[in-house]
Structures are given as C-alpha cells and as structure tokens.
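Next, two complexes with subunit A in common: one pairs it with subunit B, the other with subunit C.
And then the complex of A and B:
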C-alpha cells in the first residue's frame, strides 16, 4: 500500500504492539504493525486465526481488554491525534461516530433485550444530540438504505426476529448512523450464505463509492478481500508479512506465505489441479513464537538466515512490500507434504 | 515410518473408481424428511418443515458425490437420514443393495461398519476424556475386529496413514490442533475399513492453510483404499475440487446434478448460476470481468408448501408457468429441475 503523496492519511497505525498475559505465558498478538489508510480507501487485512488481524483493529478502536491485554507500544493516529493517548471519554466521542465497527456475528453484537429502534436511536441521540424523533427518523432512513423492507415497522422488532443477513444489515445501518469516515468490518460475511454475502459486499462497495467511507475489511477469505479491497495487508504471527495493491498481490505474491495461501485454495473456475499445494505444519503458537521469521518452520524456501533473523518489511521491487529475505522467483521450492508432530 | 499392514488394505470388492456400470453403493430414492414445527399461535395451523422434500441420487463405489447448498437447504438432514440418525418421513435408502432406512439400531450396526462419517466440528466430535489411541480403537472394539494385542498396532498404523505421529497415541484431543483433530476423526472412521464415508463440512472449521492438508489427505485415502465419499459442504471451490459429481440443493430439493466439470462450466439451473456468480474469486481482475447475478431476497422458510417451483420468488428468469407446478429433476447426464433449463 502506498501512502497518498501529499495529504496526511486519515488513519495511520505506527509500530503497534499488543500483548496478552495468559496462563500459557505472554502472548505477543501484534508485533510492530504499521499501516495507513487514506480517505475513501478500502484496505483488506488477511490472515488465519491468531495472525493478529482482529486484535490490531480492536486496538484501533480502543477495545483491547486491559488486563489481560496491554498496548506495549506504537501509535494510532486519526486526523493527527493519537487515539491510544485519549481518555475513554474523548475516545467515545470518536468511536461509533467517526470510526465505526461491524462484527462477524450480529447476534452477539446486538443486544437481544432491546428492540432495534432502542439500540439505534441511542447512537445519534448520544453523538449528534438528536431528539428521539429525529433519531428514529434517521434510523429508519438508514435501515431503508441498507435494504430492510418495511423498515418503519421492522425497526420495532427485536434482533432475533431478523434473519442472519438482515441482522448483518441492521448492524451495518447502525454503524453508518453518524456517517463515519472509517468503517472497520471484521469478517462481516463469514457467518452468511454465499448469495447473502454477495448482497452485503455489494452494499459495502456502494457505500464506499457513494459516501466515500474508508473501509478496513478483516477476513480470512481471499476471495472476499479480492472482490472489495484496493489494497491488502497479509498478516502472520502478529506481523505484516506483505502489503500491496490488490491486483499486484493476487497476481504476483512475493511472500512465501501469501504464495502458499493462494496455492492452497482450490478454485471453482478453471481446471482443478490434481493436488493442492498445502502449506505444511500449522500457524505458530503466539506464546512460543519460533526464532527469526515466524513462518520459517513452514516455509519451503527457508534459508539458514531465516532461523536467526526476522526480516523487516521492505519494498519487494514489484510494487509492494514484503518481509522476506528470499526472492520467490529465483528459488525452486520443495514442498514437504506431511506434518507429524502436534 | 512403516508399520506392518494388517487387514485394512483395499477390499477386493471395490471396483474401479467412477465405474458407471457398477451397481450403486448408495441409492437414495425420493427421500423426504418432514418435521412438525411448533404452532405460531395456539389456534394457528400445524406447520410442517419440509427439510428434505423428495431427493434421489446414487453414489457409486470409489466415487465422490458432492452436495452443495446454502444453510437450510437440507443437505445435512439428507446425510443424517442416510446414516439412520433420523427417520425419513418417506422414501428409501439402499446401501450395497440392502434397504437400511427402516432398520433398528441393532440391525443397523453391521451396516455402520461399511458406512462411516466425519463431522464438521473437530472439537465437539471427539471425547475429551479419551486418549487418541482409545478413540481410534473404539470402533474396532465395538465390531471385535482385532485381537486386543493387535489393536494398538492397528491404531498406530492408522495414525501413520492419516499423517499423525503414532508416538502421540496416549495424548488427549485438546493437545492437538484443529487440523490434527480432524485427522483423528478420519482415522476413527477408517478403523472399521468402511466403503463409504459421509463427510459433513469436514474442512469448514479449519484455517485456509490447514484445509488444503485435509482435502489432500481425503483424496489420497480415497485412491489408496477405494473409498466412496458423500461430501457435504457450502464452499463451492472445495466441492468442485474433491467431487466427481455434484448435486445442488435448494429448499429440500435437488435442483441440479452433474459431473463436477460440467456443472461448474455450464450450470443449467438459474439457482446454480446465481450461486456461482455470487462465489468470490481470489482474483480481482477476473472478479471485475464477471457478470454478477445478485439474487433478491433470502431463502424462504421451508414451512410453506409452494404450488410451483420453490425458487420462483427469487428467480431472475421466472415466468407464470413456473408457479403452476413443481419442476422435476428429470434424467440424463446433467438433469436440472427447471422448465426453462433446456433453453439455458
């Protein structure tokens, strides 16, 4: 991802480090993550469970539970202010207002004891000083905008009275009430069926186009990221291992992990390969990270150096950045095919 | 590491995979599973959920039949009815020539030796208080397959076969990762040397890089042991990759059934077409070039009976005739339950 040449980016995360104290020891969930988001941009963050993609964004929102979590270092600059230094009070003026978030599971993110109207009106009453009447009108408007039929009546229903796809729409509508500049969507379609997923992605695209909302999309699904995002960060073991414009990344991945991910998923279009190129082994335990590059135990290109040193994120020479000592074009990989130990 | 092979080699009875002349191993005919739902009001009408509403297909020895569809389409209920875990409302299930849908638990037991299953959730489907060794040995004990002293050797052979280190025999499920637990579940299914394994979303709970490992394992085992799979999943890419033939379900019915290549290259039913067009591709360039059919609305509730095609309300090419009667799947190599299918 290249920063826009002149203006300061809307959001800039610099050297963010987050740790959790657990029974298993100190878990380094986010290790020195930096990225920037320009106004109106769509950024995808890809990674498997434990890659740190969700914690990074919880930190941006000031939602890391402390304890057991601790933000050890770094900055989250939004319009020049470091969100990590703000008081809860100052932060709550931005959160839900200028920066909003939607979650994977709308059933647990919505309060089951309150009607949608009660939950939605609270947002603009609080942030914009609306009266109940104004707030209700605004809420109905947004529900209509995201495609809820008979919104003026349905708004008085409880969350369980909506289907999964409709609940996700309700959550998106709620996030948009104050016209946020940044929408953080954490696996927004993972719980949904593919035809409903297509509807929600279409809706997010439309928002970005028409309102200029910047979107951070967190997903494990490379297809979902490819269909929405202009640029992509790939995370592994709490670090950013590759970043590039979406077209560059999917056509010409430079980090062995990104390459492995793309080779390990079958595609329903085109010819099916006889055998998938699986990445051997499994994602690292964040409490016991391997030395050097944390991908080295699974990497088919591993060098002696990779076991000792952690490669920095540097320009790959192909229009993006990668954190790897190896040029994947020049090395023949020997992919081991089995894993044996737990 | 190599361990002496015991009795679990490929059975002589297994014909060549995909041999279409072979008698079907599994034959499902007009299967219906209806559930009585609670009334919405005390005086309201009795509602019936038609979870599976007239499904017919066969699985041949050594082949993989994929079943795809969105949540509530009846694919898992179909699997449960085949496994005799729920009783079908009507229709028949034949396995290796024997009718099994009406068997009681005692008479079903010998069939279970040939008809095994792998579940979606590798955390919930293994007993946390049993060691891996005893989990894999349990089916052997139930069927009295090996003398006790041979069982451990057999367990180690199976662990090696599925890519688990046999040294971890005495460990408990929580000591293994999700992908490895799924391997344990596969070893347990293989312990009785089955001919057909019903796999219900076996990789959807796993991380992307681990999914590929388990898919490769399932395909390797099929080649080595001549297994047949009924593979149920919502992920179209995975289903295409692993299946010889694929059936698409919608609202309790099979709407299209064909060879995997034919189905994905030239889908005939408008629902299959919409499903494919909605499935994202990890390729922004191809993604932009694609025609999108974004379906309106959602899958309707299966508790109403429809006069016509169940897909009519969401279908982009619906016409009046579609609402008159339910289209049948028909025959031939690539049947589709749509009256407009021939012109598609």
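And then the complex of A and C:
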C-alpha cells in the first residue's frame, strides 16, 4: 500500500539535533530527527519517556530551555522559514498564533493566579489585535465549541474551579483561539481519567474535521495514536526508528521495538491467543547510549552488526521507513519475547 | 459578606489580644522594683503620700488595674507620670504620625527595592545584576541598622552633602532614616522574591504562557510575579514587627520625635501610663498589619479563601 501523495509540507523538520547538559554529562535528547507534516494532516509521535518526542516538539516551538538545552543542528521549516533561526521576538508572533501547543497536565499548565478569561483574552489581544471585548467574545465562542457549559459565566472563574477534563478543554480552546495551522498536543490525555480521555480525543477529532488543523499528537499510548492519526513516527533513544501510515504500522510493524510495543498492549477482541508481552530491559540512559543501534540490548533479534553500526532510516519495503537491519518477518516467530509474569 | 464576617472575627480577636497584652504588661510593669517617683532627692513623707494618693498608688493593685482599664476602654490613657503637664494621649498623638510615616516609608522602600532587585536577579540569573544585587542583599541583612545609619550619615550628609543629618518635617529628612530602616527588610525581600521567581519560572504554566506567544516582560510581570511574591506577602507580618522595633533605634540616631524614644524611656523610668499607651498602640499596629497581610494573601492567590484565613 502506497501513501497518498503528499502536498508541499506545512512543517518540515530536518536532521534536528538537541543536546542537554546535565550532571551526568551531555545528553543527546534528539538525534537526527526528520519528519514532515502536511496541512490538515494528523501525525502521531510515539515513544517511551525520554525518547525525545517532547523535546522535538519543544524545539519546533522554540521552547527548549537554553541552557541547559542546546539545538546543535537541523532545521525546522515552516512556510519557507527556518524557525530555529528566528529571534524570540519573531518566533513569539508564530507561537500561539499559527502554531499552538497543549500540554500534558491541565492542572499545572494553566496559571492558578489568573482567571480563564484573563488567560484567554491575552492571546487574541496579542496576535489579532483584539480589544478586550472582542477577545472575550472570541474566547467564550471557543469555550462553547469545546463543550464548556455556561461558558459566558464560567470564563470568569479560576482554573481550580474546573475539573481536570474541563481544564484540558480550556487548554484546547485557548490553543485554537487564533485558528492555528498546526496544533501540537503533548500527551493531552495522559493525566486524565479514561472516560475523560475518550471525550478529549473525540473533541480533538471533531475539531480536526471542522477546522482542518494539522495536529502533531505526542503520546506513549499506541491506542490513542491509532484512533486519531493518519501517520505515525516511532521514536527510541532520541531517534526515529519507524515511520509509516498508521494502518500500515499497526498491521505490519517493521521494527522490533514497534513490534514489542504492539505486543505489550492488552487486546480484548479475542482474536489473539497471544500472551501479553513486555519489552525486556530498561529505556536507555541517554547520557550513556549503547553503541550501534541503541535498541540492541533489548532487541530479541539482535545481530552482531547491530552492536557496531547504527542502522539508517530506510524504506522498509512495506510502505514505510524503518531503522533496522533485521527483517522481522524472517525471525518473527522463531525468537520468543519474554512473557509478562502475572 | 465573607469579608464582613472576616473583619468582625478579626476585630473580636484583636480586642481579646489587646486585653491580654494590656493585662500582662500592666502586672509585669508593676512587678519590676521601683516606681515613677523614686527619684534621687528625698521627698518629704506627707508630700509623697499626697502624690501617691493623687495617682491612686495607695489603692490595692487590682483596683488600680480596674480603674486604669476602665479609663483605657474610654481611650483615656491618663496623665504621664514623668512628662508633667502632658497626657499620654497628647504624647502619642504627637509621636505616632512621625513613627507611622517612618514605618510606611521604610516598608515602601523595602518592598519596591527588594522586589525589583529580586525579579531582575531571577530573570537575569548568573548575571552581573544577579551577583551584585544578592551581595547587596546579604550586606543589608547582615549589617546592623545603627552601623548602616552611621555610615550613611557620613557618606550622604558629610561627604556628598545630599541630605540633612537629622530632624523632622521635610521629605529629605525622612529618606535617610527610612532607607536605613528598610535595608535589612529590602535584602530579605529581594532574596525571597528571587527564590520565588526562580521557582515559578520553572512551572508548567509559564511554559504555557510562552507557548501562547507572550513577550518575556508580560510573562514575568503578569504570569510569574504573583506566585513569586506570595512568600513576600507572608513575610510582611514579621517585617512590620521588625520595622516597629527597628524604628526605636533609628529615631534615636536621627533625633526623630517619634514614639520610639518614649517607649524606651517610659519603661526605664516606670512611667506606667505612657508605657501602657505605647505598648497598646504597637500591638494595635501589628495586629492591623497582620490582618491586612491576610487580606492581601486572598487578593494575590485566588485559591485562598477568607474563611480559611479567619
């Protein structure tokens, strides 16, 4: 299956490299990451904590704390401009306006000292030159869109007067105020109850349908990504290890890490006789990455070559790209991964 | 409505506190040996008895307490025993405005200087500003105010000649004592603000504010400052107490006609009525300030409720 032809990408990240100076030494949080996002597309970025998925997107927003962070190389091209070369001043005209971001924990991501109205109106006042009156009307409109009841009154409440799910709705409304072309959602449902998670995902889906906003969804939850995204990027140890359309990836994973991730999801459809599998070992220490492929110490199909060489990201021959020397089909069922002990 | 309940509750507590302070001070003063009329020269016995009768010293202590408390409740502190021809009320009415202006100026200086230095230090961390402000802050806290006062008199009065050395009545005369009084508090507030600001700047909601495309100035002043000054607000209560006691020293050094000198003199000379008057005024000031601080806390942090504060 071939991916549909991509239009001129809206956002294109090329060979991005980000380092952090820590007490443990230099940490390479993002190593040579590239991807493209077309207008209206939904891209999922999946990986464990520390895989570099959040840092990649903070770099896109120009929000990597520097120091200790440092962007060593690469480009982030948006509408022909390299965002990494822009001054904070120029970047701040794009942030919250053309590219908006929502964060994981709506409890801490909203300012507890300001009312929702105060926090929302300043966005369109800043970017669209609204008066307070216009900004307030626009904010109420968005709050209604995301399903906050009695928005016109509730907008004058403080964040602590809202529930967790409602706060995330407020965050989403705030991000959409200026009708951004790109919405980066960093684990938008992780801190929420399962039932609320489903509602928020449904809301994102609906807004995407109606507004045509391109979304980058960062998550460690494959289920969340599967339900929302057209294409998926799997990250491990600061690198992209697999990239494919989401149907392709879930039906036919080509990287042992992706395979491990998929096998570690409980399935309730009864189709599978497989036991629940865990990926053995620990996520890599980014300050002391293993030689060669950084997944090799945990890989069930490891070859001698994997310990020395880092596999490049290349077409997998199944409609996506993978960074692995092994063809998982040939070894797939011969090497057992470890079962989860009950 | 919660505000009214809060204020009424506070008023109740204040009256109780004043009464306790009054009673404890009264009996403490009387339990100290000596009296207001034990001067060096011998007074003939009949005259002495006359005086004591006039000031009710011949009555039992508990009766004196009751009568004086009754007068105090009618806001009459009685005559001063040492400063003849003056009532305590007159003395307080003269000294209070001086001490209060000094205190308010000092508190204002401490807040503006301390908070500005703290914010700049936090935002420009590890810069020349940060290092020099924090060095100054440490000096301000460490150097006793009488040393600072003497040094600044030498510098600003005798070397530079910018300000007058002492006296009361003009704005120039209040600047130097108020600055000396404020210095340690400004230093402490600078450190509190810097620490608070650094902590707040690491919060998720600050990242959100930047993600919205706001300028650094707006993020710092609108989104970060409130959270950063919460520790400063809590410190205002103790700071007021410190400024009250500190003003006793500075009023002496700069010859200010405030309440401070009366407070010390009255205690040393057993001027019972004047001592009681000053103690009560200081208690009242401190209590009012603490109430204002609690109100300020609710204004700064919307999660704090008045009911909890009461």
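Rule of thumb we're sticking to: the second predicted complex is superposed on the first by the 319 of 342 C-alpha atoms of A that agree within 3 Å, B and C clash if a C-alpha of one lies under 4 Å from a C-alpha of the other, contacts with A are read in each partner's own complex, and residues count from 1 in each chain.
To be clear about the criterion, a residue touches a chain if its C-beta (ideal position, glycine included) is under 8 Å from a C-beta of that chain, and two chains touch if they have at least 3 such contacts.
All values reported here derive from a predicted model rather than from experimental measurement.
Student: Between subunit B and subunit C, which makes contact with more of the residues in subunit A?
Tutor: B
Student: Of the partners subunit B and subunit C, which touch A:61 in the superposed model: first, second, both, neither?
Tutor: A:61: touches subunit C, not subunit B.
Student: Could you look at A:123 and tell me whether it touches subunit B, subunit C, both or neither (first, second, both, neither)?
Tutor: A:123 sits against subunit C, while subunit B stays out of touch.
Student: Let me test your reading of the model: by the given contact rule, A:92 touches which partner, first (subunit B), second (subunit C), both or neither?
Tutor: Second partner only.
Student: Report for A:112: first if it touches subunit B alone, second if subunit C alone, otherwise both or neither.
Tutor: A:112 sits against subunit C, while subunit B stays out of touch.
Student: For A:283, is the partner it touches subunit B (first), subunit C (second), both, or none of the two (neither)?
Tutor: first
Student: When the two structures are overlaid on chain A, which partner does A:100 contact: first (subunit B), second (subunit C), both, or neither?
Tutor: second
Student: Okay, in this complex, where on subunit C does subunit A touch?
Tutor: 203-205, 207-216, 218, 222-223, 226-227, 300-303
Student: Give the list of subunit A residues in touch with subunit C in this complex.
Tutor: These residues of subunit A touch subunit C: 61, 63, 88-89, 92-97, 100-101, 103, 105, 108-115, 122-123, 126-127, 158, 160, 171, 174.
Student: Which residues, counting only subunit B, touch subunit A once they are in their complex?
Tutor: Residues 70-71, 163-165, 168, 171, 175-177, 179-180, 207-213, 215-216, 219, 234, 236-241, 260-261, 264, 274-287, 292, 294-295, 298-299.
Student: Taking the touch rule as given, give the residues of subunit A at its contact with subunit B in the complex, in rising order.
Tutor: Touch residues, subunit A against subunit B: 48-49, 163, 165-166, 193-199, 201-202, 220-227, 246-247, 250-251, 260-262, 264-269, 272-273, 275-280, 282-283, 298, 337-342.
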